[in-house]
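Structures given as structure tokens follow.
Both of the next two complexes hold chain A, though its partner changes from chain B to chain C.
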Partner chain A sequence: MSIKTVSANPFSALGHFLIVSFKDIRSFSQLVGATLVQLFAHLPRKKETFQQLYFVANGSLWTIAFCVTFASIVTILESSFHMKIVIQNDSMVPGFASVLILRELGSVVTALLLTSRVGAGMAAEIGSMKVTEQIDALKMLGINPVRFLVVPRLIASTIGCVILSIIANMVCILAAMIVADQFLGYSIGLFLTAMRRFVDFQDIIFASIKAFCFGIVIPLMSCYFGFNCKSGADGVGRATTQSVVFASVAIIVLDFILSYTFSYFY
Partner chain B sequence: MKSGVLFVNRLGEILLFLGEVLKTLWKRPCKLELVLEQVWHVTIQSFPTTAMAGFFVGGIMTVQFAMLVSEFGASAYLGGLATSATIREIGPMLIAFMLSGKVGAFTSAELGTMKVTEQIDAIRCLGADPIQEIILPRFLGIIISSFFLLTGGLMLSVIGGSTLGILFAGINPQEYVRHIPTILGFPSLMSGLVKCMSYALVLATICTFMGYFTTGGAKGVGRSVVNTSVLTMVTIVVFDWGTSFLGQLLMSWFAVG
Partner chain C sequence: MIQYKKLIKSFGTRTILKGIDLHIKAGEIVFILGTSGTGKSVLLKNTVGLMKPDSGEIWIDDENVTDFTEQEFLPVRKKCGMVFQHPALFDSLSIYENIAFGLRKHFSLPESEIKERVEQALSLVNLENVLAKRPGEISYGMQKRVSLARTVVLRPKVLLFDEPTTGLDPVTTNSVNSLIQNLSRKLNTTSMVVSHDMHCALKIADRIVVLDQGQIVEQGTPQELLRSQVPLVRDFLAEARDLL
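Showing the complex of A and B:
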């Protein structure tokens, strides 16, 4: 990012990088700590929370359902292709595809889409509040900006992400079922039987846990970059971009960690 | 009904804009240095993100496939299956999602700020063509560099997959790599590369379009940034399905003939 401001000496560049990232990590964990304290110290603002929940869940529902449908269609077609290569027939496809959808695709694609829609929106909103000094005005009035802005978004995004991922999983399975029935020649009953053999109830629980974690990460990242927004229209744009990028990377890394952890429970 | 009309309207606008850009490319191409400068900027900005995303996508696919494959005692095929699934489908899609947040949002914010602060009108006033001077270098630069970024991400996904093969499934790298050529044939590789190419085209078109037609001040810039990443993701998913479908159609034709 800041290659131009750092001198050519590699040790100096490394030191600069370490200091900057240490400061970033410290202020991010301060924000997380403040949010946790405020989350349990006061009751959340009901009206704002419901407005945010409407924005997160209802606003993204159709986009997510649409994208996830196509993603699941591609998944089942591709896994049929692979199965035919490896074990010469594709009789395992419904089970494999439903496992893949429930464990990975549903929650991750939902979370990435939510990042780009909701996370970017939140970062732009809070960033422009910061630039127009509305957050300083809140502090002047004795209102804690974390309690006023971050906590409602955190609650709304967590609930919204869990609900949306459940809906996305349902839509995914339904689309895969229809495609398997129409193009691959598995009747719906066969699909459900195969799914019953491969999928446990704990898969659904784990998918919801994943979505819960992703829903916590998105607003925290967006609010952090929004609060640290540099002044000017350029700064808001950069804050939005950074929040989307960091939240997406965090989601992929978190998904990796969670998959690795859950693999010991199967 | 109304949203359907809006959708067709937007689609037509984007296609007309793309036609305009391609016509400019054919008739009045921009300087090569401008394109190379954009390629450098985009690549240097996004390479760490893309590399990291590619590494972890490969790792995730290996972990998931290891659990499925070990049930059948077919651990030897793990490397081939995970690599094939990553390169054919999941890898390009997830890395392109990441790029739409990074490159797409940045470019549309930059162009949108230019538009809102009337710099684009100033260029037109000076008698230059803004599409030739500003849009075309970014368009070409994004296409070239995101194609290479996606390919680099896919290469790193193989490394990530084999690392997780060692750590998680206890398969040494030679064993992991050995079955990749048997499963990942030339058509699969081509399908992955065609997907990367089409996502690069989608990304470049949508972010330049959204930035160039921004209206409404600083708030408008924020709106066009959000719209860019959402629209890019939706289009990428649709193109993912389209290219897979087309690939299967072509393969079935060639298999018959």
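Showing the complex of A and C:
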């Protein structure tokens, strides 16, 4: 069906969109299914998994720490500023900021940064392998590409995302504490007292569950777009962009679903 | 050995292979010639299940492999080696590891024998002192030869070559062509070679098949092709004569 025909008729455009979406969802589900089978059917390739974990965790640590520090500073300063305007009092800022950091900021910002750094890298790498027939070569040598490429990345990304999210939360809280102490007049003791009133242990568990889920989404999306990469540099570029866009959207939607689900437990 | 029956393959609305009927006998060297986009590589990839045909049948060793699953294709791929258009070497592995990769997967050989077979395969493609290097550290031509060694080391019964000499210098091109010929003659390997090179085809092929617009427009021995009146074949022949 030509683009001209599709755009001329809204019904055929809708039909075309639905067919393409259905095909994409079906092949993404097939990849997820194949990954689960390979994940539990064989032991993971240790060397490759550790290499990927190093790439995910160590390679992203400083970028994430740097970015979440500033996100945390902005969060606490903005909260204080607006609370002072609305209720003429910012005494709840330490507790409020701590909850926001643990429930949302730490894990979501970490996942989004991982998507742009690690997810894009994975999509580009697998896309290049597809274009240069390395994936076909793997099949010819009797190697399952999902087991060889997706499983190590999935394990590494999941573990890496949880670890980085915990570190990001700690860095965020530390940054918020310092800013509260230096600029808002709340000592570290006061901050911790307020934090204990607002934050529960389950917040940390829920943040880790979120990070775990985001860690699964990133490599699956990236590998899917890599495997379906069209030929040429343009194809690899497009696969990389699509993987970042779709993984970011998936993370935001998943965050909403998880937050909504967790709200029943508070 | 390999038989295609009314093979059809389309991508979207574009039909690439339009009912290919072809029979390749054991030990034969068949060159598939044609202009770009006529479905030569698609034909090879369909043979080993890297692509699925829309209709028609593919038979290998009296076995219909058309609807084989990935799992069922494993023994077929073990006996069919393929040299891709790109070197398709794994960047994260050394040249030694790239060549030994398939041996480790398919055979339980001691490391000393793996080393011996890797070195033997590399000497077949005239390469030395590259074992410890990574693919990125050697030239494109050398990568293509390593890719050939990686396939040959498994000693497959069928060798599928997708433009094996593209990007190679004339000396290496000749040695690769000789290698294809030697493997076929000495080990009774069946070879299908996708190429644009009529000159080489005339020299070493047992049979030449010419594809145009997804259909076989001519096939025969090199001598028979020299007498062909098909315009595309005449064009290929004229180009080959220019090179002589």
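In this section, the second predicted complex is superposed on the first by the 260 of 266 C-alpha atoms of A that agree within 3 Å, B and C clash if a C-alpha of one lies under 4 Å from a C-alpha of the other, contacts with A are read in each partner's own complex, and residues count from 1 in each chain.
Just so we're on the same page, contacts are C-beta pairs under 8 Å (C-beta built on N, C-alpha and C of every residue); 3 or more make two chains touch, one makes a residue touch a chain.
Predicted, not measured: the structure shown is a model, and the values here were computed from it.
Clash-free side-by-side placement of chain B and chain C is the outcome of superposition onto chain A.
Rounded to the nearest 10, the angle at the Cα centre of chain A between chain B and chain C in the chain-A superposition is 100°. Residue contacts after overlaying the shared chain place A:E133 against chain C, while chain B stays out of touching range.
Of the two partner chains placed around the shared chain by superposition, neither chain B nor chain C is touched by A:L36. Of the two partners, chain B and chain C, it is B that touches more residues of chain A. Contact with chain C, but none with chain B, is seen for A:G142 once the two complexes are overlaid on the shared chain.
In the superposition on chain A, A:Y266 contacts chain B only, with no contact to chain C.
Looking at the shared chain after the overlay, A:L77 reaches chain B, while chain C stays out of its contact range.
Of the two partner chains, chain B is the only one touched by A:L113; chain C is not.
Of all Cα pairs spanning chain B and chain C in the superposition, the closest are 12 Å apart.
When both complexes are aligned on chain A by C-alpha atoms, no chain A residue touches chain B in the first and chain C in the second. Residue ranges on chain B touching chain A, taken from their complex, read 44-45, 49, 52-53, 56-57, 59-60, 63-64, 67-68, 72, 74, 77, 80-81, 84-85, 88-89, 93-94, 97-98, 100-102, 105-106, 109-110, 112-113, 116-117, 168, 183, 218-219, 221-223, 225-226, 229-230, 233-234, 237-238, 240-241, 244-245, 248. Listed in rising order, the residues of chain C touching chain A in the complex are 45, 48-50, 70, 74, 77-78, 80-82, 84-90, 92, 101-102, 105-106, 147. Listed in rising order, the residues of chain A touching chain C in the complex are 51, 132-134, 136-144. Residues 1, 3, 63, 66-67, 70-71, 73-75, 77-79, 81-82, 85-87, 96, 99-100, 103-104, 108, 112-113, 115-117, 120-121, 124-125, 127-128, 131, 233-234, 236-238, 240-241, 244-245, 248-249, 252-253, 255-256, 259-260, 263, 266 of chain A are the ones that touch chain B when the two sit in their complex.
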